[in-house]
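Lettered A, B and C in written order, each chain numbered from 1.
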Amino acid sequence: MDNQINLSKDMFRPVPHEDRNPEKIRRPSIKYWSDVWRRLRQNKLSMVGLTIILLMILMSIIGPLINGYSYFEQDYSKINLHPNAIHWFGTDELGRDQFTRIWFGARYSLIIGILAATIDFIIGILYGGLSGIATRKVDNIMMRIAEVIYSIPYLLIVILLSVVFSSEGSGTSLFVLILAMTLTDWVPMAILVRGQVLQLKESEYSLAAESLGATKPWILRKHIIPNTLGPILVNITLTIPRAIFAEATLSFLGLGLQAPKSSLGSLANDGLAGLAVGNGYQIIIPAIFISLIMFGFNVLGDGLRDALDPRLRK
Amino acid sequence: MKTLLEVKNLSVSFKTFFGEVEAVRNISFDVGSSETVAIVGESGCGKSVTANSIMQLLPMPPAFFKNGQIIFNGKNLLDKSDKEMEVVRGNEISMIFQDPMTSLNPTMKIGKQIVEGLIRHQRLSKSEAKKKAVEMLNLVAVPEPEKRVNQYPHEFSGGMRQRVMIALAMVSTPRLLIADEPTTALDVTVQAQILELMKEIQNKLEMAIILITHDLGVVADMSDKVIVMYAGQILEEGLTDEIFKAPCHPYTIKLLASVPSLNMSRNEPLHSIDGTPPDLYIPPKGCSFYDRCENAMKICKDYMPEFHSRSATHRSRCWLNHPMAKDSERGES
Amino acid sequence: MKKYLFKRIIMSAITLWAIITITFFLMHSIPGNPFRKEGKMPQVVYENLQKKYGLDKPLPEQYIIYLKNLLKGDFGDSMKSKVETVNDMIRRGFPVSAYLGLEALFIALIFGPALGALAALYQNKFPDYISMIIAIIGISVPSFIMGTILIQFVAKNVSWIPIGGWGEFKHTFLPAVALSLMPLAYMARLMRSSMLEILGQDYIKTAKSKGLSKSIVILKHAIRNAVLPIISVLGTLISNLLVGSFVIEKIFGIPGLGKFFVQSINNRDYTLIMGTTIFYAIILIVLLLLVDIAYIFIDPRIRLTKEGR
């Protein structure tokens, strides 16, 4: 060995401690959220999902304006036209332009999904947070109530409410649809928030932070919020497709929005009649877009969950 | 004493997002047929990877063997197929893991878990197997073994579970037992019992033990030989007496000094080693302990020292062993 | 454990009561009167009808009477059908729905966990991708669309598979597949993540260290434990199946309870809506209870903690 290295006396001089850095961290350190974003970006499927969602949102805003037709304008000279150069997605049995109606429907579907998720989120945070910080007894009662509400079958109650609050033949208003959808669906969010609050209230790192003299707001900001945000975000992303799905099913059962307003679900319902007479495009196109939205939110939610799970961090 | 296990130039790496992490770097050691060898080091030093490499229990990928041989009973385990390894595992080599709370299947009865491997290897009948399970629980001093065999893990305390793990490992009378931090997760009082039990069984059944630990207190009364690992490498190796009485490597010295002892005075501070081990994703070029060493010299930064033998059994890897180092020290003072 | 069971049964009863109450009062809060809409009707007939359905009594009294009848197993009369009571319709429709639902559940239970386990065992390899593509399709495509697609592309091209109707096994095939896809996909995903988690557990390593073969480790140690979370969501899945059946029965023209329910919604047959809703609720809550009880017996850990309470 000695003959490989040219040894000199100088090489054996001690190196003072200050010249070395024993705490040196060689691996690049990555901030939490940028790390989450990095891992999310690596997940190709989630990125496809995110792109679909963004495109759908964009098109639901500008889509109905593109070809100059309105969603209610009927033209009996052009009923049941198959997709062509003028009516890109064809026309329905009343001669309305399907392209415009699809994007208009997508707008309603997305609004319903996003509003329902937002309301779930607000109720969930309030109820769950309150339950989490309340005394054991109150917490217990609140959770039992939530359990009872949650074991009421979701779509059954949605159907019931739509029946009650819509008079015959008038369809259901947007407000009632969203109300019905959030009536039981806030519970998972509340349970999630409560769980996080309880866990963090008693967790070792809050305790550690507190014993080091951190104030409560500081703990809330630095520990509780960042740690709760992840699961909540995932929950929201997965609530949206659930609400869209519920609305579509409802519309399909004839309990959706009042015509000529439409959602993707009611368009599919209308298209079902066309299927029998060879106008399959009337159901296939809305079906594709419902599925795309569902796909987008589901894979984004999955990707977010994986990206946020610290156990998967390498 | 016959050599049972010989690890030769073993290197194990993990592929990660950041690149290759060299968890074990070119280590060699051997274990005699009734010897107890302790592998000591901080967490992340590669001692568990070494243990799991012998059993070939590393998840591959991301882990892969870069180099080396693991010769057990004259045969290289790394050449064996999965099927051939199944005959070795649990039959000739057994393993006990760190956390008894998670190492047992929560939905399977204890008795079944103990004899499961045996049933497969030796084709025991149901009643024979049950008898064997009771016998094993008896051996590891679990009270009421007839009743206990039909219970589930959650009905056992941590110490009792580790006894079950030992029973599970011993049931096939292996020639080598690898104990990966067997007492770390246990209460101090239980730790002593478990170690005592392992020694007792070793005397009864004549087998070799590789004891992986970061607790030097455990090492002192269990092992014949000590291997000190740091950052995936062996820094010092010797008989237990040699390591405890005349440690050579600054890291070993520090490690020994950090063990609190009863005859320390109240005001004496506990010794710790400043800093953290290097990240093995870019292993240092020179001595891996350089950053934290009190005796570091210029040469240590860029060149890894070779082993220096102090006796037939005791060797260490440090530039201080070099004659020029002693000159230089003398020159300064 | 007895105490837990008791508590669980009480909770179920409370939930059921809450659903019945909510349904009853919601149905009676609908503005207007169901008989006023039937066009011009002589005052005498109207009053007789009111009397027949007990609508002339004050609401709390009607509620008590309804509860009493329910306890006797009487769901009341249909407002629109002159010949059948709600009980008759349930008796006629439920066996059909149950048959379809069980067939779908059977398909989902066989293929869902299997796909999930396969995906986990070959993580990031071909079988994983295939399974997860199926799962994503199952979750993204609502059952009414799946049903339509199956009719369009399978029933119209395969001669022995009928487009609709009921009576023979061949009639059940497509609707059961369409209905099973969502729970199947859900189970596959759950099984995959549960399996991946279990495969990383220490006791899997212990099992391997005993020299068990890969297949034994997977079958006896991994799958058995990975299946547990699936059992715990079985109740929710059955609930999904039930709602899915409304849609599927409509598309395939199957004379099940779901079809009656949808019809009752479209006809505004309030007593039938109320009756079927409550019947569904009872079925679901009993199933949820059964799943919970089964879970206690399957997972020894739960058994102990519940005993301790």
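What we mean here is this: a residue touches a chain if its C-beta (ideal position, glycine included) is under 8 Å from a C-beta of that chain, and two chains touch if they have at least 3 such contacts.
Not measured: the values here are computed from a predicted model.
**Q** Taking all protein C-alpha atoms shown, work out their mean, then name the chain whose own C-alpha mean is nearest to it.
**A** A
**Q** Quick check: more C-beta contact pairs in B-C or A-C?
**A** Pair with the higher count of C-beta contacts: A-C.
**Q** What chain is the most remote from subunit C, judged by the mean position of CA atoms in each chain?
**A** In terms of C-alpha centroids, the chain at the greatest distance from subunit C is B.
**Q** Taking each chain's centre as the mean of its CA atoms, how far is subunit A from subunit B in angstrom?
**A** About 47 Å, centre to centre.
**Q** Could you tell me the distance, in whole angstrom, between the mean C-alpha positions of subunit B and subunit C?
**A** Taking the average C-alpha coordinate of subunit B and of subunit C, the gap between them is 53 Å.
**Q** With chain centres taken as the means of their Cα atoms, state the distance from subunit A to subunit C in Å.
**A** Chain centroid spacing, subunit A to subunit C, equals 24 Å.
**Q** Enumerate the contact residues on subunit A facing subunit C in the complex.
**A** 144, 147-149, 151-157, 159-161, 163-164, 167-168, 241, 245, 248-249, 252-255, 265, 268, 272, 275, 280, 283, 287, 290-292, 294-295, 298-299
**Q** Give the list of subunit A residues in touch with subunit B in this complex.
**A** 1, 5, 7, 9-15, 17, 20-28, 314
**Q** What residues of subunit B sit close enough to touch subunit A in their complex?
**A** So the residues of subunit B touching subunit A come out as 16-18, 274-276, 278-279, 281-282, 290-292, 294-301, 303, 306, 319, 322, 324-325, 327-328, 331-332.
**Q** Along subunit C, where are the residues that touch subunit B in the complex?
**A** That would be residues 201-203, 205-214, 216, 220-221, 224-225, 228, 299-301, 304 of subunit C.
**Q** Under the stated contact criterion, what part of subunit C meets subunit A in this complex?
**A** Contact set of subunit C toward subunit A: 11-12, 14-15, 18-19, 22-23, 26-27, 29-32, 37, 136-137, 139-142, 144-145, 148-149, 151-152, 239, 242-243, 246-247, 250-251, 262, 265-266, 268, 273, 277, 280-281, 284-285, 288.
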